[in-house]
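Naming follows writing order (A, B, C and D), and every chain is counted from residue 1.
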Amino acid sequence: MAIVEVTIAPLGTGSPSVSRYVAECHKVLAQEEGVAYQLTPMSTIIEGDLDRILTVIRKMHEVPFAAGAMRVSTSIKIDDRRDKVSTMAGKLQSVKEKL
Amino acid sequence: MAIVEVTIAPLGTGSPSVSRYVAECHKVLAQEEGVAYQLTPMSTIIEGDLDRILTVIRKMHEVPFAAGAMRVSTSIKIDDRRDKVSTMAGKLQSVKEKL
Amino acid sequence: MAIVEVTIAPLGTGSPSVSRYVAECHKVLAQEEGVAYQLTPMSTIIEGDLDRILTVIRKMHEVPFAAGAMRVSTSIKIDDRRDKVSTMAGKLQSVKEKL
Amino acid sequence: MAIVEVTIAPLGTGSPSVSRYVAECHKVLAQEEGVAYQLTPMSTIIEGDLDRILTVIRKMHEVPFAAGAMRVSTSIKIDDRRDKVSTMAGKLQSVKEKL
């Protein structure tokens, strides 16, 4: 189980808005089984088996190209903890308990 | 108005858990006026005047050192859009409308 | 052909120094065929087929665990351009010509 | 003394190429005193006093706007180590000694 944050941004499209690309990426993500995810104002965070998540992200990375982009910048941050089960909800809870 | 994502991680502490450092950073952030923020499982996202946000992040970056860390890795991602007002809520809404 | 930047950092190792983990990751990378790479003071940059690179990074991500780390934070940034062949040397050259 | 990696990318410019923006940012950087830097195929790495570097990056972040961009995505990664003096050359050397 890992938690992975991903941002997929097309470069050189004619508009500063990228929300339609993000929405298309999410439609791909929504069809996948075995991964939980949440959208934030800056990224998508995915929880599940690391290899499964990387396979899904690889598909999502193709989405802006399929929509016409010629260059895509994809940032991935993997948080992989193996001394205990780590979840999105558990990480938030752990911080909130200390506030 | 900019939206900025930040992650502040101490390196070389004796434990894989970093939630107490995140909580201390949030206490500093909570005392600041003029910035809105939200905690995600992977980062903190802050909305407001860019210079104000960078000043706040500079303070937050010192927190793990004050708590004993000898090395801190801080990642900052600025999303600065000037053709329209951009907010955390507006970005989420814009994607959700297209889903 | 894509260009991918990767940083692999263990958390909670007890020492602020991580160079031995970086060196071990590079030994894995050096055994791979079909990818070019360079070490920078902040990351490793790899050039080649995207799927090949992601497979290599997946192996590298396991290295700190094999060396005893319990938590690993891996950041990956993919620059994938399909309107022309993009290389590490070509990107540097393109900027230098404009200076 | 800190080492800071920065990438400044305009969104929505109409062309996948961003090298002219990178070159303009470097012209600003080249005028600054007290910071050492190097261009990599994926970023710029700057070494010096942290507050000084952040002031310089703040100036660089304005460059694409001045050149017409309406949205700029700037990624900053600070590596701040206080148990010893850390330099770009020293970090590379430390890894190479272990290879």
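One rule holds for everything that comes next: a contact is a pair of C-beta atoms (placed from the backbone, for glycine too) under 8 Å apart; a residue touches a chain by one contact, two chains touch by 3 or more.
Values in this document were obtained by computation on a predicted structure and should not be read as measured data.
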What chain is the most remote from chain C, judged by the mean position of CA atoms in each chain?
B
Pair exhibiting more inter-chain C-beta contacts, A-D or A-B
A-B
Just give me the whole-number Å value for how far the CA centre of chain A lies from that of chain D.
25
Averaging over Cα atoms per chain, report the distance between chain A and chain B in Å.
18
Scan chain D for residues touching two or more other chains and write them down.
16-17, 70-71, 73, 75, 77, 79, 81, 83
Which of the residues in chain C end up touching chain D in this complex?
3, 5, 7, 16-17, 19-20, 22-23, 26-27, 38-43, 45, 47, 77, 79, 81, 83, 88-89, 91-92, 94-99
Counting only contacts in the complex, chain B reaches chain C at residues 9, 11-18, 70-71, 73, 75
So, in the complex, the side of chain A touching chain C is made of residues 50-51, 54, 58, 61, 65, 70-83
